[in-house]
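Input: structures, listed below.
In the two assemblies presented below, subunit A is common to both, partnered first by subunit B and then by subunit C.
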Partner chain A sequence: MALFSVFQTTFLLALLSLRTYQSEVLSEPLPWAPESLRVFINSTHQCLHLQWSVHNLAHHQELKMVFQIEISRIKTSNVIWVENYSTTVKWNQVLHWSWESKLPLECAKHFIRMRSAVDDAKTPEQSFWSNWSSWEEVHVQNSLGHDPFFVFPKDKLVEEGSNVTICYVSRSQQNNISCYLEGVRMQGEQLEPNVSVFNLNHVAFIRETGTNIYCKGDQGDSIKGIVLFVSKVLEEPKDFSCETQDLTTLNCTWDPRSDTGLLKQLSQSYTLFESFSGKKTLCKHKSWCSWEVAPESQEMYNFTLTAENYLRKRSVHLLFNLTHRVHPMAPFSVLFTDVSATNATMTWKVHTTGNYYTLLCQVELYGEGEVIQRNVSVEVDGKQLFGGLKPDTEYRAQVRCANANHFWKWSEWTRQNFTTAEAAPSEAPDVWRNVKSVQGHSVVTLFWKPLSKLQANGKILFYNIVIENLDRSSISKLLSIPAPANGTELNLDQCLYQIHVTANNSVGTSPASVIIVSGDPGNKEVEEERVKGMEDGFSLSWKPQPGNVTGYIVEWCDHPRGPLCDLQWKSVGPTTTSTVVSSDAFRPGVQYNFRIYGISTERVPYLLEKKTGYSQELDDAVCCKYRIDNPKQKTFVVENLQPESFYEFLVTPYTSVGEGPHGAFTKVTTPDEYSPILIRIILPMVFCILLIMIICYLKSQWMKEKCYPDIPDPYKSSVLSLIKSKENPRLTIMSIKDCVPDSIEVLNKQEGTRKSLTETESSKATYLYLLPTEKSYSGPGPCICFENFTYNQAASDSASCGHVPVAPVAPLSQLGLLTSPENLLKALEKNYMNSLGEIPAGETNLNYVSQLASAMSGDKFILPTNPPEPALCSEYKMQMAIPLGLASPPSSGSSSLSSVTLLDEGEHYH
Partner chain B sequence: MQLQYQGSPFSDPGFSAPELQLSSLPPAVVSFKTWHALDDRERLSHAQGAFLALTQHLQLVGDDQRDLNPGSPMLLAQIRAARLRAQGLLGNMAAIMTALGLPIPPEEDTLGVVPFGASAFERKCRGYVVTREYGHWTDRAVRDLALLKAKYPG
Partner chain C sequence: MRAQLMRRTLPSLVLGLLFLSTPAMGSCLDKYQELLGQLQKQADIMQRTSLLLDPYIQSQGLDKDGLKEHCRERPGAFPSRDALQGLGRWEFLRTLDTTLGRVLHRLTALQRDIPKAQDLETLNRAKQNIRGFKNNIHCMAQLLPGSSETTEPTPTDPGTSPSPTPTSDTFQRRLEGCRFLHGYHRFMHSVGQVFREWGESPSRSRRHSPHQGLWKGTRRMQLSRKNKRLLPRGQLPR
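Here is the complex of A and B:
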């Protein structure tokens, strides 16, 4: 026992020593610690790739190990990622691990280190961590160029809705840099003194060509930016389905959903994989794909449709039996054989497939308001007999088929029309007659109604009328009336006739309609009753007839006032004694008369009753009632009637008991009220106007001369005669064409002229005329002409004018007011008169004011050396008393021409 | 026109970034004094060199835009037309230089390996610079030729 205890103690000690040894080993590098750690950068994908190896593994030894990887950013103490990577390590194996950074790697320094542990059941004693490897530093900024700043990442492709981190790295910390997304400034956060980060959350798809993000400094730095390509999220294909039409090709279709295509990324691609055969095909189209059915008649198919783009994959699965997905092609060669009036046989063919199977075909037949549906089982050819069809009717037939054993889908319809053959008309035409006795003959007008389409069974070509003389049975007569006539007139004698009417189409004859006509119209006197119309027509009833009656006929005219009354009738059965007669032709205020006939068993009609009434009584149609108390009075004048109105009059006697029966109404239309009066007035008026026109025409030249001469002649003015009577009989009329309003002439009067001017004053024969501007003159202002007989004794007869002698120095303030002709006239007169007295002897200045000066520019004044166009006013010039000294041209500037006043915008020229 | 296809900021109204330049493309902007002092040979060889560079750059921009805006054939056609016009002008200037007895500078590759590896944004920027300089150089060439025409009438 003691020995055992010693042994145990020794074992424990040995174990303890082993533990001690192990703990010493721990301070040494672990035999399987990661070594040769290298870090590679993939800037495009913002990825760090780690590569390392584990030494000291025995040849062919495999060990499950865990590698703990730590990643820090900016500084080693700022650990941002810790991950345990488990894998089986083999001898001499190089291990790889990748990490994708949210932040572009260029934005900050990264540090990576790792340690390992054995995670293997075979060596549980090794399951503790090794020492950390030394930090590996990744600093991409070192490799950047010399630009003032940079923006990262470059050309990133992300899905819509994802989060993206962007940064700029500036060379200098002083740079104030602003960044914009599609023109909108972004708010960032500073990561380092020279690095700012912008987090974009849930980025949206803007356009296929990408979203621009750019930054610019405030010191005129260049623009730097990136293009962010945001793709739509790839969705799972929808409605994935496969089917075959011929069992040789499968056609698979799906809804591709949104297109994720971008500049940076192609649209998603689709692949079809079938797991039983292991075959795979890349689909050429976005929404469908063809698949060749295996020749070894594979029945089950398990498809996987995979949509894939740069960023992700999406798959859907479909498992089916081929024969359960047969969508047959539409039937063909649809034909109709043995088409009669009521029967037809329809045949069609179906597309055969490699395998034998039965189709279920659905046949539909559409006629007039009816549908016939049949289901037919078909192997190769289909056939269906249709009976009970209507003659001469177009039918539309259609057929489609589906797999009879495993229904999947109907084929498309195949359609074909056909028309059944004609048959003989099935009903006798509805016939009525009107009998009139004319000079011992009966004029029988036969009417019949056209058969309905259902009764005619084809196109009615003619009506046959057989007239049989019942009194002399041997004689009968056949008439054929071509369609579409609906009546005929017969001249018969007073015998009894039986008339048969039949309708005929290309196939045969209808049953005959028989009517007995005698010379007696049968219009025996019967009592007429009044009926009241209702909204839907007239409700008529009559007494049932004793004895055998085969039916009743109600007869009326649709247009009782018209020349053709448009006879209508309605046949009812023998048991019916009332009916409602309605017609679209019924109008309010019109009286309608109805006659009810009974048809005897011998088919002889006889009048039973008469009814009369209005479908709707109008207020103005209600008759006034006059009581004539004198029984001997035979005339009565109804007064206060409306012109152009229709009246009906009825005279009936009355006694103390009541009124007598109502006879027929007398119809009267009152004449027009105004036309006679109008004719009496208008005719003489027309005659008078005509007379005046003829006179005017005959004397037109004289009238024109008298009233409207082409050129108004002032000499014919009444004003002239007025003046002539009071004033100078030598008065002349100025000619407008002689007027030159734009000329200014300055004359220096010698003493000799003063006399005449003085004479002017005494004679008081100064006339001032204001003339309107003539078109030929360029100036817009009025032409003012003064005619001074003192000056113009000789020339006045030739109507000269154009130059305005006015007083010297017209004050501007005064002249400025000369807006109206009257004012101008007065002012000129006044100035002129005043000035005359002030003219110094020997040196008289006459100042001429251009009438148009205020509106003219350029030639504002013309000196005597350059006189105005004299042609028109030569007579006037003759009066000008030009001093000899001034007659010679060039001295004008220094001459005694003292004052020229121009009414031009306040400027004075001296 | 070209800018409208590039998105903000290029398509923003009144966009201008004179600080953007390409080292491979000589800028057209020159002071009047310097420009006027140029002799015929300098004047023509400057323009000739610029349009030679422009034809090569327009080729590059055309390729860039084919990637960036494949759905805009009008834009691509305009860039192609601009390149052909630059080539035409280059030919005319060579004829003038020959007529004046001036040596024609040899054709050289102005781009080198610069274009490869540019990001989409960088390609948009250089498209802007090239089209801008094309406009400026065209204006300057008009002035250059007008001056020469005045100098050598007939």
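Here is the complex of A and C:
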């Protein structure tokens, strides 16, 4: 055990002595150790540049060496970077090395040291590390100003998606500083008591002027910040391609992608480098560049397109043979020659791209929905003949070319239009006729359908109609109907006619369409059958004709209800016995009638069958169905029909098995709704009016007296209103009190002579009763009865005027007309003078003018119910007469009314 | 965007029309009230922040809470309203002319921080407007009594005032630019008010004969000699 301890101690001592020896050897300065180490700071790029030299190298001696560089942050023990830098060192050479810090250099102290070793096979004995150089301290904060705090790095330019470290350095540890990125607060970590760092990962592009990052102290009044310029990542140009149109200039294009331009960085630039020629050009445009083709006929080109900005370069390459990149220019001078109705020759020219290049040209022709394509080999001029074209048709031609030997790209199309010439119409017009017999003549209406564009071969100008009398073959007639007419009417006799119809354009005439027309319309009585319409029209079929038939015609009207039936027809071949007739004009609920004609070999149409039916029977078309159970009933009244509506009625028998066949419908249009009502009202009204008119006519005289008598009522005169309005006391109606009555001779006996004259009419004598009723009568004296002998005939005719109670003042009614005393006197004088003469008894144009009576009647309304007793009445002799124009008829109505009015006034005088 | 462009462009067009009536050199408007009215209108338009400040704030990303508050005029950067009102007319015009020369110079410096062609065009229009305004100031100076000692006509060069201390710190320069523009608009607002007061106090004498005020070459005095206040008759300094 003791031996073991001694051995162990001896071993340890030996090991220690060996170690000591080694350390002594290593501590000796290496002859090629780094010296004169200097550190330079580039804050903008956050870089440390190291510079040193190696002494003791012999002249022209080169030595491979390794320099180990150590970088510490904040303190020397905190090594953050170790790197071995290998290089060949020459005599008296100054060596350089750079290091970029992720943390802005202002944010913390940095320490750098290095050592070296020989890494050269020539001196293997020297291949151990030299001593470390002393630490070089980098402390940028010392050079900062006196602001309370700072933010770093200033104006840093990075690519989008990069990671960036920001820091602030505060002068005081007490400052409470918060930092923001575009207004959003950032969370950092403390690096030192006065330094905080913020790691931004994957920074994004925000704007060309950069991203604002700023810090504010707790007071809020101080603000410091930086602008971080985030550039979009420079992308590789896409779709880089070069081609030539003329073999003298190459045009290279590419997609530049994103623009990386910033306030602190220009947009990326592009350079084009060709490796065979070694030429390089800076492109002026972002997406294309021109390159002059070498005159020495360089065929191969190897291009490198380089996009470059402050941060990055991107390159793409392109190798090609020039002749394989020929993109010809579009052909020109495209012309059409020898254009006929069916043929045309197209010529064009191409740009020359060399002496020996052949172009392949593609020609396309579009017209009437068809495309004709041709490939033509062309050196200088191209030519292509097109045949089988359609007459009078516009065609669009286009041509493009490409390199025939090495296809690269087609040129642009060059287009030109042309129209073929017209040709004579190729088909005969489809003709049909309608024949009517009118007074021994045939009115033939010819119809034809316009030729289709393909058939017309040009613009149809007119239709020629040749009418040939087959009975008298020598007679023919030619009619020319200008287009676009589609029919004409002919008046023919009962002879047999053959009609030729041709269509004509500017070039020629179509084949003729021939139809035979005779006086007999050929509408023999055939039974009408019902057909049912389908969605696509009517399916019609008929029995095949045993004889020779050249074809069939189906005829119908598109608008059977309209005044113009719009005759339509359809021609089918002789072997066809069925067809489907369809028309856009067919409407549901409308009955259509079809006639099927056969065309004989003599081209004479004759009616074969008749069909009728609805294209679609509406559900509501059958509005009602009545069941008549009495087999003997022969009449039925359908009620509640709509006025002015079209109805069709069908009566069919039925048995217990079912209904019988449906015969023809009876068509009825109901009258309008208001006619019967109007008739019921208007007729009685007319009758009444007529009756009234007759009565009025018969009683016109009575009406005249009633409504507008010759002697007007003064109280109805406008003069009265004038008097009242002016309130002129001098102008008034004469009052009975103001008048001095004439002397009245009262006879208590009847005058014989006069009576003899009126004897036969004694019962009808007109009396003017001046007697008031007992109640109202206040004056003395008996009643006075005036017999009016001068009463005119007209007045006397009035039946109601036999006994009229007239107030004493009644004669004053005429005084109303005599608005002034003078007029009154004149009138009276005149009449009086007339009265002096003999008045013939038969003279009827004089009216009686009553004189004033002394007594007044107070009872003005009550008509006397009993005629006055003659004994009590005084007979009045005629006093005077006045012309009819001044007299008013003493009709009962008017007189009575006048009296009333006057009495009313008179009452005011009481 | 179109509305914004219109908002920026329309005032400039109006200003351009106003300036059309006052050619730059030699043919000034000789009607005092008319010229004063033009100056008022121009000042009213130039005070609008939509012309310069707003587009600048937007293009520089300063339209964020916490930043906008710092876009305030630095005290002393521009004469205050009270200071302007305290100046005599002639001195006011001279101060105005000098300050706008400084503004022109500063706007030129701001151009390098504006990458967009559209914003650059806005800035250039604003500079043209300021030059026109300076010419009108020159014309107004001629109409004031004692106009032989008047302001220099506006040269097209940036001006004579020292340029602001250049800083490589983009953020700080950005903020300073914003503050400067804020101060400029405020300053033009004050200028407009002063001109309005001119119009409201017609008692202040003014010269009616424009010919007496034409440039007289050798009689022109140096600016340093013009510092004495040239008050119109009966006018007290405010």
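To be clear about the criterion, the second predicted complex is superposed on the first by the 597 of 910 C-alpha atoms of A that agree within 3 Å, B and C clash if a C-alpha of one lies under 4 Å from a C-alpha of the other, contacts with A are read in each partner's own complex, and residues count from 1 in each chain.
Everything that follows uses one rule, which is that a contact is a pair of C-beta atoms (placed from the backbone, for glycine too) under 8 Å apart; a residue touches a chain by one contact, two chains touch by 3 or more.
Just so we're clear, the structure is a prediction, and the values are computed from it rather than from any experiment.
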Following the superposition defined at the top, how do subunit B and subunit C come out on subunit A, clash or fit? clash
Give one of first, second, both or neither to describe whether A:Arg530 is in contact with subunit B, with subunit C, with both, or with none. neither
Under the stated touch criterion, which partner chain does A:Leu263 make contact with: subunit B (first), subunit C (second), both, or neither? both
Looking at the overlay, what does A:Ile223 touch: subunit B (first), subunit C (second), both, or neither? both
Contacts of A:Thr211 with subunit B and subunit C, given as first, second, both or neither: both
Do subunit B and subunit C touch any of the same residues on subunit A, and if so, which? 151, 154-155, 180, 182-183, 207-212, 214, 220, 223-227, 263-264
Under the definition above, what is the set of subunit C residues touching subunit A in their complex? 59-62, 64-67, 69-70, 113-116, 168-172, 174-175
In the complex, subunit A touches subunit C at residues 151, 154-155, 180, 182-183, 206-214, 216, 220, 223-227, 261-264
Parts of subunit B lying in touch with subunit A, wherever the complex brings them together: 5-10, 12, 17, 19-20, 67-71, 119-121, 124-125
What residues on subunit A touch subunit B, complex-wise? 151, 154-155, 180, 182-183, 207-212, 214, 220-227, 263-264
